[in-house]
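Shared between the two complexes below is chain A, which pairs with chain B and chain C, respectively.
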Partner chain A sequence: MLSFILRKLLASIPVYLGIVLIVMLCLRVNDPVQAYLGKSASPESIAAQREKMGLDEPFVSQYVSFIGRIVTLNFSEESWERKQPVGEILASAVVPSLAITVPALLLTTIVAIGIALLSAYMRGSITDKALMFAAVLGMSISLLVYVVMGQYFGAYWTAQQGLDVFAISGYEPVHESVPGNWIRYCLLPVIITVILTIGYDTRFYRAVMVEETGRDYIVTARAKGATKPKIMFVHMLKNAMIPIITHVMITLPFLITGSIVMETFFRIPGMGQTLITAINSKDFPLIQAFTAVFAAIFIATNILTDVLYALVDPRVRLG
Partner chain B sequence: MSDHPRNRPCTGAQIRPSSSVTSRLGELSRRAALRAMALAAAGVASIGLLAGTLTATAHAGQAAASAGARKVLQMPMRTDGPKSLDPAQGSTQYDNIAVSLMFETLLTFSYANPSVLEPVLLSEMPVRSEGGKVITFKLKPGVVFHDNACFPGGKGREITADDVFYSIKRLADKRNGLKNWWLLEGVIDGLDEYKDEQNKALDSGGTFNYDAPVRGFQKVTDKEFRIVLTRPVYRFLYTLAQFQLSIVPREAVEKYGDRFSFNPVGTGPFVLDQWEPKQRLNVNRNPNYHDVRYPAREAWSREDRRRRMDRAAGQRVPFVDRMEFTMFVQDQPMWLEFQSGKLGYIEVPNDYFEQAFDKRTRGLKPEMAEKGITSHSDVLLDFIFTGFNMADPVVGGLTPEARALRQALHLAVDHGELNEVVYQGINSVYDGPIPVGVPGHPEGGKAPISWTTPDLDRAKELLAKAGWPNGRNAKGEQLTLRYSTSNSEQNRKISDLLKRQIERLGVSFNPVLLDFSTLIENVNNKKAQMFGFAWGSDYPDAENNLALFYGPNESPGSNHYNYKNPAYDALYDQILVMEPSPERTKIYEQMRDMLLADVPYIGSMGRTRFYLMSPWIVNCRPTERTWSWLKYLDVDDSKRK
Partner chain C sequence: MTADRKAILSVQNLTTCFRTDRGVVRAVDDVSFEVFPGEVLGIVGESGCGKTVTSKSVMRLLPERTSFFAPGSRMLFRPASRSAPDTPGNAKDTLPREVDLASCDDATMRRVRGARIAMIFQEPMTSLNPVFTVGWQIEEALKYHTNLSHEQRRARVIEMLKLVEIPNAERRAGEYPHQLSGGMRQRVMIAIALCCEPELLIADEPTTALDVTIQAQILQLIEGLRRRLGTAVMLITHNLGVVAQVCDRVMVMYAGRVVEQGGVHEIFRSPRHPYTAALLSSIPKAGKREAGRRLPIIPGIVPSLFDLPKGCRFQDRCAYRQDRCVNSEPTLDTIESGPTGETRLVRCHFPVAAVSTPRSAGSAT
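After this line comes the complex of A and B, so read on.
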């Protein structure tokens, strides 16, 4: 197993170096300093900023230096716009994103698996059709509709009725928040994320379950006299976990990056909003660090997925 | 990163199990359905329990806040808020709002009458001598900077004349971006040379010497100083009221360097508590704030007194202990937060105008009034226009034909329709470049020469007189116009409307939507034939707008029209050194009418901002001419829900 992990890690190094190279080249197609300071900036101020950022050095030297900073996890470079180390900015933005995405993922996964099991076992029935109809309907409605309706009916209207459960928008860090308030800020975005994603997941998990119901081991279990709940919750769910884990693992990097629309509409200072404001304000160091970190997380998650696969199915290691 | 991170196509949805399994599993369905129902019921009960807990928590929080008896005012900031809290680097309205909380200028516009200047950090209004070229200032005693670690013992010290000179010199330092240098360029004796010398020293590896003297800065004592101008321009006093010229302590700038913006130290009524860019800005009352009183009763107009704006007359400010600003990029959350009574006031977003006001009467809707919400409208010092490049061979020049062409185009434009379609009819339409509420603005918006009422027949006559009958010249070539404007949804609407209106004359009108920097570049290089712009006056004096047509200011200066009329320029030189007087207003009117005859632009319109105030906010009458009025606001917590 160790050699398998090492092999995967070594194989991912050139991939990561290539990604960083492409990102750095793309970010330098148009002069980032000129873009940030504007067309009316004096040549002296542009030169000074370039020097400060090390952008006056040869590209190879910039590349090596940036890789060095990534390896040593040194993100002390200052954001042009916020005058804070980019590492600090990213670290402070991760928690709000996770506060929404992690509960949403857990809830979605648990509920979607439950519905998928029910739907698969009642396949072809009205319940199954109604559940699948609801899933498709949930997927078909735009996120913006959920946000606008959620804020109006979920937060504003319910508060008018005396049920002040959801905040209309905003976020308070846990350590600064009145107990319970933090949950109020997170609740509506979490629910909307669940509603938005549950349709996709339910359909996917149902398909997995349906596929499992045709397997030989189900027939064998039945022949041995296993009870129906045992077939359903023990045998079938256990075997369906491989695609479920894969599906969940693939989404992990996106938990950290958050959602631009959700964070913008709910004023959550997460990674999505941080990235979009960095792009809008042409904050070159922040954009560069964000993309490098995201690429690293993505690759790491892929390796982790492969490792989990290998653990579950030894044939993967041989491949 | 993605907005639908988990949005992937499902796979294998059509795979079917064997029929035997299906039939056997069918037996399970009823029991499973019952279990699911039980689970759902438990879920609903849990959510109900959570809701109850959270509601109780929220109410407990509110009760705790009122029990603490601290006056806290919650306010919105549209868009993502200030970019910098350093006055020398600020430029936007949001920078202005934030800076005005923590810093102060020597002079400011009065809250009771925003057209009038009044001293803030001065003990009296400055005295002009030597024909207005020398201005003597006396600093108010007892004004101290915020307590901060940059001072010995952390105790804020009194401001001095040196702080004023230092703060002005910062605008000449290129390390601050020079974006506000235009305020001072060519105004103070010796400051331009100082700027060039010090920045040159920086370029050659030296330092920017803030101790180097400037001829026009004369210190008499720590509390008295004189500023000598290059010429006696009256507007310099307005310049001193601009937030970029707020007074800062040198110790703080030197201690915090680049991070001064995150550690603002001024003399203002509030001290920064927390600034999370794009999210929130919280300030606490400055316990050492100098003695500033709410405007006297007689300073308020009758209308304001009727609205009880004078109720706190003579009382010491600020009234609130804390102000909390929340940034809203999206309008809906801001609107709903206000409707929930959580924000003191809001500027009404265009999309919500008809929810708050009757479109026809512009009166507050009864359902709003029933909630105790009040409203206020503020006419902005706006000049929205479509400019002509007077250096352009087709539309430019001062020949009778060129004038007739521009007049014809002006008469083809229906500003009433433009106002209705694009601005929901809430703008004011007027003749001339002088905005509403400023001396020189024509009465009722109509000047003796007026173009704001469209007249297609007369426009066609004038077009023929210009040598373009039915939009074509003697060779049969169609008159083709190119109109440049910045790319936005609103400008797209305006362009489409102008095209439809102007092409009724038989000419071809071609709008080009550009990004703002390209538009500016084209205008500065005199490449734009016609262009859509707006000008917000820096101060309530027509001189500010009339300067836009002063010959020496041609592009890349502020005279984007490249209008050159020696008679006009002579009048501008005359008014520049005049103090406000009926004679000066007369000349303003004369200059306005000269522009109306020559038509270097099609216009004008000015926006009105509509505000709604919660029942619990007190002393609130928003104006955008200054933001130093925030310190006068108060809250009445007994009126909160």
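After this line comes the complex of A and C, so read on.
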């Protein structure tokens, strides 16, 4: 297991170097300084900015120095727009993103697996049909409807009634806020994210479970005298975990990036919003650092997925 | 075979129905039979004759939503009383003297399944759960049905693996199904089935998916274990060679009906139903006289359960058909009590003439 992880890490080094190379090349197709300062900028100011960023050096030495900074985890390069080190910007933006995405993913996965088990257990019944109808309905309604309804009825209207449970939008950093208040800001975006994703997940998990209910080992377990819950939660669930893990792991890197749409609507200063403003303001160092960090997280989750497979499925041998 | 011996399973007028888009079909139609302690009852017939549905009916393993037993179906199971506290099974609870498996509640059924009646299946490759060790899967049955401690259960698992002749039992217990061959997996299935010492083992084509050398080993194993443990066996198969090798009595099924029933020697020597006779004559025989001769086959196929003929269900394929066969279905009648006291039942208006009995074939059990 340990040697597998080491080998995977070693193998991912060239992949990562390649990603960084492509990203850096893409960002230099058009002169980033010219793009940032605009057409009216004087040649002197462009040259000065270039020199300051090291963009006047040959590409190879820029590449080596950027890789060097990634390896030493040195993200002190300053954002052009915000005049702050990019590392600081990203670090402060990741917490609000995670505050929305992590509870939403946990809640969605647990509830979806529960509903899927119930639905597969009662396959063909009215309960099953009603749950699946609700799932399709939930995923068919536009995000905008949920946002508007949530902000109007969930936050504004309840506040009018004297129930101050949800904030309409905005965010307060955890360490500067009363804990209850922080939760108030996160609650509505989390609930809406759950509603948005749970329909699809439930249907997918149910399909996985239904496929498992038809397997021969289920009949064997029944023939042994196992109770239905034992069959569902022990025999079936462990087999169903294999596709479920894949599904969850694919979404993991996007926890960090956060939801661009949700963060915009709820004015949450997370990674999604940071990225959008960085792109709009052509903030070259911030975009470059963001991409490098995201690529690393993506590779790491892929390795983690392989390891989790081996833990759940004995037929997968890492070696 | 003594008549006063009490059957452990007495199936009476079992009719198993399925709801389908085209209406209700009776996959098993008015089937009655008995299984006596320690004997091997063979159930034979072509695919689609109702053999597997019969066995799954006894275990109540058919889909609950789409299948049901017609009123009047009874499956009386008489478990032996287990008073000895030191038996390896050490059963958790005692069942009533007689349980009707067709009508008992699910909780009672679960106490029967795996503990008193166990089953092994056709497909050893897929019948075990791929993500649990075989030791865990054997232990699971013990967990449900006995009060043994964890250590006692582990010991029993090893003992069972040794009993089914798996080498390196201690190591194998920690392995997963994919690490074992098909024959080994079927041995594990047998170990699961027998670990609680059931009174009845239902084997549904246990050797069909295995190659011939392994088939013989598995059959010998079942036969040997039956002798050692005294477990009665219901063996479902379409392989008449297997029947001749291990069964005491045979029940022949056709299109959901029992067409002939009797001792294995009597049936093989002198089949009375045309279907049984045709099945037996289509077994290839080795020998000079047979060389170059075409193997007789039964023309046609088993009729669809949606479209059964009015009279005898075998009429379309029968060489002896007469007008009466088309108009009225024969009943299952006792036509003789064989020399060993074995009752012979045949469902035919014009049974095939009996072959004169040279001498008694000896006791069937």
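Methods note: the second predicted complex is superposed on the first by the 310 of 319 C-alpha atoms of A that agree within 3 Å, B and C clash if a C-alpha of one lies under 4 Å from a C-alpha of the other, contacts with A are read in each partner's own complex, and residues count from 1 in each chain.
Heads up, the rule we're going with is that a contact is a pair of C-beta atoms (placed from the backbone, for glycine too) under 8 Å apart; a residue touches a chain by one contact, two chains touch by 3 or more.
Given the structure is predicted, the values throughout are model-derived calculations rather than measurements.
Chemist: Tell me which partner A:G124 touches in the superposition: chain B (first), chain C (second), both or neither.
Modeler: The answer is both, since A:G124 touches chain B and chain C.
Chemist: Is A:D31 in contact with chain B, with chain C, with both, or with neither (first, second, both, neither)?
Modeler: Touch status of A:D31: no partner.
Chemist: Looking at A:N239, would you say it contacts chain B, chain C, both, or neither? Reply first, second, both or neither.
Modeler: After superposition on chain A, A:N239 lies in contact with chain C alone.
Chemist: So, A:Q273: does it touch chain B (first), chain C (second), both, or neither?
Modeler: first
Chemist: For A:R222 in the superposed arrangement: first (chain B), second (chain C), both or neither?
Modeler: So A:R222 meets both chain B and chain C here.
Chemist: In the overlay, answer first, second, both or neither for which of chain B and chain C A:D56 touches.
Modeler: Neither: A:D56 stays clear of chain B and chain C.
Chemist: Hey, is it chain B or chain C that touches more of chain A?
Modeler: Comparing chain B with chain C, the partner touching more chain A residues is B.
Chemist: Shared contact residues on chain A, chain B side and chain C side combined as an intersection?
Modeler: The answer is residues 124, 219, 222 of chain A.
Chemist: If you look only at chain C, which of its residues touch chain A in the complex?
Modeler: 59, 61, 65, 110-115, 118-119, 121, 123, 126-133, 140-141, 144-145, 176, 178, 189, 192-193
Chemist: In their shared complex, at which residues does chain B touch chain A?
Modeler: Counting only chain B, the residues touching chain A are 1-8, 10-18, 20-22, 24-29, 31-33, 36, 39, 50-51, 53-55, 57-59, 61, 80, 83, 174, 177-178, 199, 202-203, 258-259, 261-262, 276-279, 326-330, 332-333, 336-337, 339-340, 517, 520-521.
Chemist: Report the residues of chain A in contact with chain C in the complex, numbered from low to high.
Modeler: Going by the criterion above, the answer is residues 124, 215-217, 219-227, 235, 238-239, 312-315.
Chemist: Applying the document's contact rule, which stretches of chain A touch chain B when the two form their complex?
Modeler: 38-39, 42, 44-45, 78, 81-83, 101, 105, 108, 114, 117-118, 121-125, 127, 143, 148, 151-152, 155-156, 159-160, 162-165, 168-171, 178-181, 183-184, 187, 196-197, 200-201, 203-204, 206-208, 210-211, 213-214, 218-219, 222, 228-229, 232, 250-251, 254-255, 257-262, 264-267, 269, 271-273, 275, 277, 294
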